[in-house]
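Should a chain be cited, it is by its letter among A, B, C and D, assigned in written order, with residues numbered from 1 in that chain.
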Amino acid sequence: MPTIRPVTRADHDQWLTLWEGYNAFYKRVGPAAVPPEVTQMTWARFFDGYESMHALVAESDGRLVGLVHYIFHRNTTMLGPVCYLQDLFTDPSQRGKGVGKALIEAVYEQARLAGSPRVYWHTHDTNKTVMRLYDYVATHSGFVVYRKDV
Amino acid sequence: MPTIRPVTRADHDQWLTLWEGYNAFYKRVGPAAVPPEVTQMTWARFFDGYESMHALVAESDGRLVGLVHYIFHRNTTMLGPVCYLQDLFTDPSQRGKGVGKALIEAVYEQARLAGSPRVYWHTHDTNKTVMRLYDYVATHSGFVVYRKDV
Amino acid sequence: MPTIRPVTRADHDQWLTLWEGYNAFYKRVGPAAVPPEVTQMTWARFFDGYESMHALVAESDGRLVGLVHYIFHRNTTMLGPVCYLQDLFTDPSQRGKGVGKALIEAVYEQARLAGSPRVYWHTHDTNKTVMRLYDYVATHSGFVVYRKDV
Amino acid sequence: MPTIRPVTRADHDQWLTLWEGYNAFYKRVGPAAVPPEVTQMTWARFFDGYESMHALVAESDGRLVGLVHYIFHRNTTMLGPVCYLQDLFTDPSQRGKGVGKALIEAVYEQARLAGSPRVYWHTHDTNKTVMRLYDYVATHSGFVVYRKDV
């Protein structure tokens, strides 16, 4: 099983490869690509003590094989923050070994340590493969997401 | 049409009536009720310049008839914050007059002013009445919400 | 008297001239200059709803003649945030007209609105001219500042 | 030498004793005392992943002998946050053993990890004993603190 640990500055190049793989998987390419300055800022925010944005990585045989990004933010029905798990990715060559599950459970642990009683995330309802994992580790809440670009 | 404006401390009692109506509508009553200390903290956070939690109210004939609560938080794919519209409620006696739509559009305007390129929210997929409004003012993204209480 | 108002994106060029005048006054030039990418980030943070960094400007006859920057942050002895007034500058041609005093008092008002019971700032103890103003509008606390670049 | 480590929820009672000793030392007693609800909130914020307020403690022979509280906040001349070391206290029975110095240096290390290039704090200029330590580990900047309760 991989080791799950906080990302460090030394992980930049391997993290970037995973991040690009993740974005390609979700078709964020071409005009829809995450601009390099956003990637650079997101990376910087992981190491900025004022921000509430964090990354964990999965390491196996000295190599990064997965990432998860999560953010603490306020919620009107809780004293403590809620934890938004925004991004989860496992290197395609390492699928089926429990890397994603281990990353999600590590976020649960970080949320508990940060006084956050709930972790949530979004997934597209056509994403049936990954929803099997999500149904196993969490609850399909029945809520759907509306959005407006303003 | 109602006036949409930021909540003020003087609105506390009328806001509380709306907040309680909203929670009752979503069956957050009895053991599932929002505890009074959470309501008090949420109220305090609207007026705390360090927090990113805000409230607007709809006022009609000198009386509050609606509320909306929204929160700015980070997002890994944007420089600016994303805007989470968490709570929306219109006094049942005032339905069908465009209060909800006006509140949502006021959040869009606040998001633009705060450098936030996107507003999003969650709604239960059985909530067909309100989804007609949401389909009109925003996009049903196809994303669903997973949750885990940790 | 000038009008004191929140900075807007349209003020960028005039704000930059004042910011550069301010930095030059404090000898932040040459190797000690504020790097352009920091100026750009600070400007962006004024318009980012997740941040707690704000700017007011003084406008007189359609032209900016002063600026003040302030930041809300936590404090272990208060429920609400404390307000750090970091930067204050008046165009040298407009000195002695009360611009600085008006800017400071506008920060007091913003602090009250943001639930912040205290405004504080730092000034070098050789800066006797400006300390006459500060002694008039605030209290010389007797506290001194220690620093360590780490 | 004591061990310096992050505070945990299990430390509450011993932390409270130190916090009360600290406040008594600075004459925050009677009408000037920190109210219990503020102490409770400050404690809660140490464990809230949305906040940027932290505490370290010094442990010696299984007992807490010192505390330090620090806060990350924005600064207009830096990309990363600045670190405000607000409170430092050593049990009077343990003075002269390097506890305070070890706590300050641990904050330096945390600041580095959090991308914060500078730590600062305030001390009253009559506090000559402790200023000997501060002159040793940091720089007396020549800046003084002005304050206004608003």
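Basically, contacts are C-beta pairs under 8 Å (C-beta built on N, C-alpha and C of every residue); 3 or more make two chains touch, one makes a residue touch a chain.
It should be emphasised that the depicted structure is a prediction, and the values quoted were computed from it without experimental measurement.
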Fewest touching-chain hops separating subunit A from subunit C: 2
Farthest chain relative to subunit A (centres taken as mean CA coordinates): C
Distance between the centres, which are taken as Cα means, of subunit B and subunit A, whole angstrom: 26
Between subunit B and subunit C, centroid-to-centroid distance (C-alpha), Å: 33
Overlap residues in subunit D, where contacts from two or more other chains coincide: 52, 73-74, 79, 83, 111, 116
Complex interface listing, subunit A residues touching subunit B: 28, 34, 37-38, 41-42, 45, 51-53, 69, 71, 73-79, 83-84, 86-87, 108, 111-112, 116-126, 134, 137-150
Complex interface listing, subunit D residues touching subunit A: 44, 47-50, 52, 72-74, 79-81, 83, 110-111, 113-116
